[in-house]
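One chain, chain A, links the two complexes that follow: it is found with chain B in the first and with chain C in the second.
The block that comes next holds the complex of A and B.
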């Protein structure tokens, strides 16, 4: 950016906090400013990313074509079996449907698709336009459900209702309609559901394996590599383990209220948080044998991991990182994981963090760190330059900005290709960070060749 | 077997799209708007739309893509989006300071019935649009047409808002490039320049979405047609619109508004279509075709002659946008290949289908065409009788993998390869690149499948 005009909206000033410069009082969870180039998305997007990994369900988007196209297989949520979730189904609403209503079309589409694919359940996503024209999704779904004898669940994800958070809530409500409808026989007293993991790059398989080694049964994956039958009996589990709290915490709360299943918040990113997650689970069940096994597990994993990590830490010591992610919970783990690699976090922000999240971030970051809610490309590029960042961690829209500035990038979002969870994931993360930060390509960046870093 | 849920048995479907071969209007409008210098595209709808469009364009170009949004909430949807748009315009000019804001609607704002000209007028009266700055708009309801329609509408809006006749004709030819890559736009301009013709191209995303790495983030990159140039289009000697679906409307509007005569041609993909483009440039500007261009043409012809035996009789499946499919089908037929399956998601009409039928009249066997169709159906056709080559956007790769068929990426979007934004497929040189791609795909396959005995060094 070559102009010297201010790039911060006055109205956004309170959404940016510099640790140590003023008392902490960040403004967040408010609607994006009209006209700001926010990096946020909508309700539909939130619902879609949460539910989509359920592989044996039909995911039908009721709306014009775009909503289905832009969410077609964009998240590498792997399935060990059916892959119906990787197809894109849309009622492809046309002008006449908007005028006369889309219910008949929806009914027909559901019938055709259920006959063709025999899914275990169907999710019907509402979009902006459906909210406006007032199709009765509930009624259509009820009718088809009765006729086809499978759960057909409306997801009230009209985009206009807000940002992704509301979408997570709509997804949780949809999931909750399935929970409690299955048999709970033969579930171990040491059992849990994994909430808020989407099996990107096969991560949930790794986590499941840890639990298996501890002697804990996983009842349902919610939702990575998810199956309808498992979710139906999820209320038989003794514990909900919730990661990515923004997306599935509502479900955990509903299950606690209705079925009395307690939950713990965990993160599988980074060494400390991963180990803590396993210990928390073991301690919850309080079985001494399990606690022993868990200690063994962590010890075994660390024995392999630490010497490997050391190599990377040596190179990365003192490098600076900026983080901008969807939900802020992930940011906690990233701050810690980066610290583990000897790196300094100089900026951290999220699209949809809550006040508590940001307060916690404020606690764990160093003085001078910029904490930001719902930012935009101009702000981001300014922060990157101001802080002399070596690594940017973000999602699809942030990647090219970092690259244009000649800064290393790591996708910690939908587009990551290697698992970053678990102990193994920490090593992958270190490798990925090392690869990009230490890459010789940044030597080609004009500002680096002149040695004039400030003047950009 | 990624698409293991695709069944062989084809049933008539009319209530839905499965694996669509199109997307919605606003993204086309956003792409076109990015082809104006200093323009900030603005999505008048909820936040998700523009987030998706920006992500999709970013994935395709691997470039930062900027746009703003009215960020509708439930309140705006009930009371109308006027307040949001007014505030947006105010904020955008205060902070981002673009030359122009190009507003497109969404299904949401269309359905609640926001009157954009009225809102823009109000913004002007209230002094929210600074002197010398502009706000333009187009209507892009997502439930009508496709991304191609959106591109066409925004391109037409450029004419509606800016083109004016200044009293005398300039010796300039307007080029409307169609929904093509920045590299293609560059190539069209290069050809015209080689003939000594001054052109104004609009929209022009070259140097916007294929910019260099400089170590700087430029919110408004160097490329794009300027407002000044857009105004001048009304005084040009003529307009060449490439691709009737993406460019026809703007060309006709300009003819009506400023009496600039227009010729609407196929996209210059392949020998004949490029000939037609060059010839039209020659006639309109009254110039001769330089040897350098004839030389390129000869080179392209040379490749076709040298390798014609490998093209002969190859069955091809095409998925894409109407302008692309039409030009590609003609090109393939001209080199003795057989486009046997063609699908576009864009509702391009009966006439389009008829044109495709005529182009492929000599192709032996049954030619299957579905307008509008989707990739699920396309895949089913292939399951029933395979083809030798697939051409289409990245989504075709599922089919290519499942059915083990050579595949060339062409069209929008390409999410998994680079090159399209730098190397054209239009013009003679673009044609040569396309021929190279086709040959590589076919010959790599031949090499792969050959037994040790059949495996050949020289091909």
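The block that comes next holds the complex of A and C.
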């Protein structure tokens, strides 16, 4: 592939695409390059993201302390009730466990924690070295499950088995073991499960409220503000609504295969996508009253939203944005939402996108836009400079790069404290972008003062 | 003593390699490199970044499943090569992880092989120095990782013999603000000194025009090379695990006299430090610092009534806990629990030493997590928590003010600028602490006092 700009890592050349410069053909889902400082996380991290918000389950990380301690309460997945998920449990394996095996310690730790906290189920995450020392997680979990009379589910999330994607898959497999074990009486014919929403900043409550206003029953939140009992009866729902990132897609597929529950893919982010999600659900059930109610709902919401958005758009018109997020599905919505604010997306990338995802991104972006898979700080900073970016949207690891170069930054990852989904969320997003881009501090940073202190 | 749990809940420690990465980050032109799978490096970067709010690159050999079976040597070599050619590292600090320790990768021999295979790379002027440390997390906490990394830096780089007038300062894991203060101090005493490691700029740098592949700052390699020539070493930390510290190594190998001191937190520990500086430099403490000391004592007097008998729980890294406990004791705050996730086996003895003369001695517990600390807090009903930001959930649960010090501080700005050391640091801590107590009192009172 020929590019007009120098590449930093030759081996990564095919993981970067500039729209319009060459036919689209991006490489992705490769192992991270040794020695390049990847922003990618591990399998375990992917599993944690998906299962973590289940608030009445015990989440025990079987491994050395680090894997647990770095994931302690790092995500703002809110719960309306129990908050067991916010504690960080670990078997904290020691040298002797590594030599003689960690099964005994795991067994004791599980018993102890179940007695202390009385969870509705337990997930046991396997980490890299557990895979190596060969503990039989399955056997320990089965034993404890029989003794304690709650589901105890191993999650095969050894970090080295790949990236986040495999972790999502391991989490879905774990969830699927719960689905189908509960009663499904009294579930409405107009019912669904919400998949792939983690209730950051209470977002799932908003979405549930929309569905309620439409007359649709939500059986299980998977997994934001999730409960074990709900997930057990999730197979009683008539539809799976899967949002973003593909993190729970595997579960939707398994449920479709086994229980014949169809799924639709949605995004709750941005005006068009949010409205589309609700319409898709209403149309699926095909109830004319429901369709009417949905139209009403969208109209009411937009009536409030649009005038408010206008003022932000005026200020933001023509500003340039770069996006780098975990899953590429989220990137689609972001591109659209930024366009809604009059902004131009000049770079977009993700950690775990598939070829199809990138092809779709290339479709909806403007010529010259950089599309990139699994990038690193060196490349990111080059793109920021090359494109003269005003706003960078990414996760917490990208923030210091943007800030160091004096570029505005918005967090669109799992740590955010501001709800961005739904119609309300779009307004929050506009505010957040506005507060970032319009801050007076950028005029002092070196890239806008050419180093002259008096040039402010 | 409450129950001894098998499981760990909300650990009060981090894993060993993160400490090594932090230490390596304090060497000029260095890139920390984790030999292991990708996840560990990404998690650690994230953890460090959330405190310092600065870029923090950690390279990784990104092992996959097949490497776990056949060994990670090839990935390690490829990774070193990439970091050398693409980042222009002057030094690569290689730390192992649980994974590579468990599969038994022999890093020193892999490095040796690599040198033989890549002659051209190592003959050039910009060939990087490769330093390696063994850091399986099941062998200790982040502090062991930190101190071990400092030790290998000295062990593997300090090779020059001779004598000069400089001194070595090994401060341990302190803040960039602390390091800046220490450097100012050395210069005020007219001492030529090398501070190792030095994260004062590499983890607290200015706004930039261009992204730096490797951030500026850090202890220059040339200075580490000549550490064996120094007149003396001052090493902070009395709870460093094991018997051979970097300071002792410099002593036994090069005959550099080692002054082992506690972390100079508060008046008395700072006095000890200053007297060593006076001894080594042959100068009296400069006026500026004498005045700072005087002001500190003056403020002790001004604030004694607000805090006397106030009960505090102190937790975190062992040496910081010792320093803080000493400080609390000398100003009339009652330390009721001194806790750490570390297990150097020296905590009890050191706490006893700095709390001599107290009527009620604090409970000392090492190897604990926040579940244990929480049980103690419920019992002890302290007025104040002192430690890093991970104690916040307890502070919230029990409605106790939390004074944030040390690492990490993930829920406030400026963690890298918290000054802990010397008279100046004690002054800053004192103002913070007393105001927290006053604020609580003021808020809890229905009167709305406007003079406190």
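As a working rule, the second predicted complex is superposed on the first by the 441 of 456 C-alpha atoms of A that agree within 3 Å, B and C clash if a C-alpha of one lies under 4 Å from a C-alpha of the other, contacts with A are read in each partner's own complex, and residues count from 1 in each chain.
In the analysis below, a contact is a pair of C-beta atoms (placed from the backbone, for glycine too) under 8 Å apart; a residue touches a chain by one contact, two chains touch by 3 or more.
These numbers were taken from a predicted model, which means no experiment stands behind them.
J.: Putting chain B and chain C on the same copy of chain A, do they fit or clash?
T.: Because the two structures are overlaid on the shared chain, the partners are seen to clash.
J.: If you stack the two complexes on chain A, which partner ends up touching A:159: first (chain B), second (chain C), both, or neither?
T.: In the superposed model, A:159 contacts both chain B and chain C.
J.: In the overlaid three-chain picture, which partner chain does A:100 touch, first (chain B) or second (chain C), both, or neither?
T.: It touches nothing on chain B or chain C.
J.: Scan A:129 for contacts with chain B and chain C and give back first, second, both or neither.
T.: Both partners, chain B and chain C.
J.: Return first, second, both or neither, reflecting whether A:113 touches chain B, chain C, both chains, or no partner chain.
T.: In the superposition, A:113 contacts both chain B and chain C.
J.: Just to be sure I read the superposition right, which of the two partners does A:84 touch: chain B = first, chain C = second, or both, or neither?
T.: A:84: touches chain B, not chain C.
J.: On chain A, which stretch or stretches are contacted by chain B in one complex as well as by chain C in the other?
T.: Common to the two interfaces on chain A: residues 8-9, 31-45, 60, 63-72, 74, 86-95, 97-98, 105, 108-109, 112-113, 128-129, 131-133, 159-163, 377-378, 381, 396-397, 399-401, 403-406, 444-447.
J.: What does chain B use to touch chain A in their complex?
T.: 2-5, 7, 11, 13-20, 22-24, 26-27, 42, 45-49, 51-56, 58-59, 62-74, 76-77, 84-85, 87-92, 94-97, 106-108, 111-112, 141-144, 146, 213-219, 345, 376, 395
J.: Show me the residue ranges of chain A that touch chain B in the complex, using the header's touch definition.
T.: Those residues of chain A that touch chain B are 1-3, 5-9, 31-45, 60, 63-72, 74, 82-84, 86-95, 97-98, 105-106, 108-109, 112-113, 116-117, 127-129, 131-133, 159-163, 377-378, 381, 396-397, 399-401, 403-406, 444-448, 456.
J.: Quick check: in the complex, which residue numbers of chain C touch chain A?
T.: Going through chain C, the ones touching chain A are 5-11, 13-15, 17-18, 33, 36-47, 49-50, 53-65, 67-68, 75-76, 78-83, 86-87, 98-99, 102-103, 136-139, 205, 207-211, 213, 390, 393.
J.: Which residues, counting only chain A, touch chain C once they are in their complex?
T.: Residues of chain A touching chain C: 8-9, 31-45, 60, 63-74, 86-95, 97-98, 105, 108-109, 112-113, 128-129, 131-133, 158-163, 377-378, 381-382, 384-385, 396-397, 399-401, 403-406, 444-447, 451.
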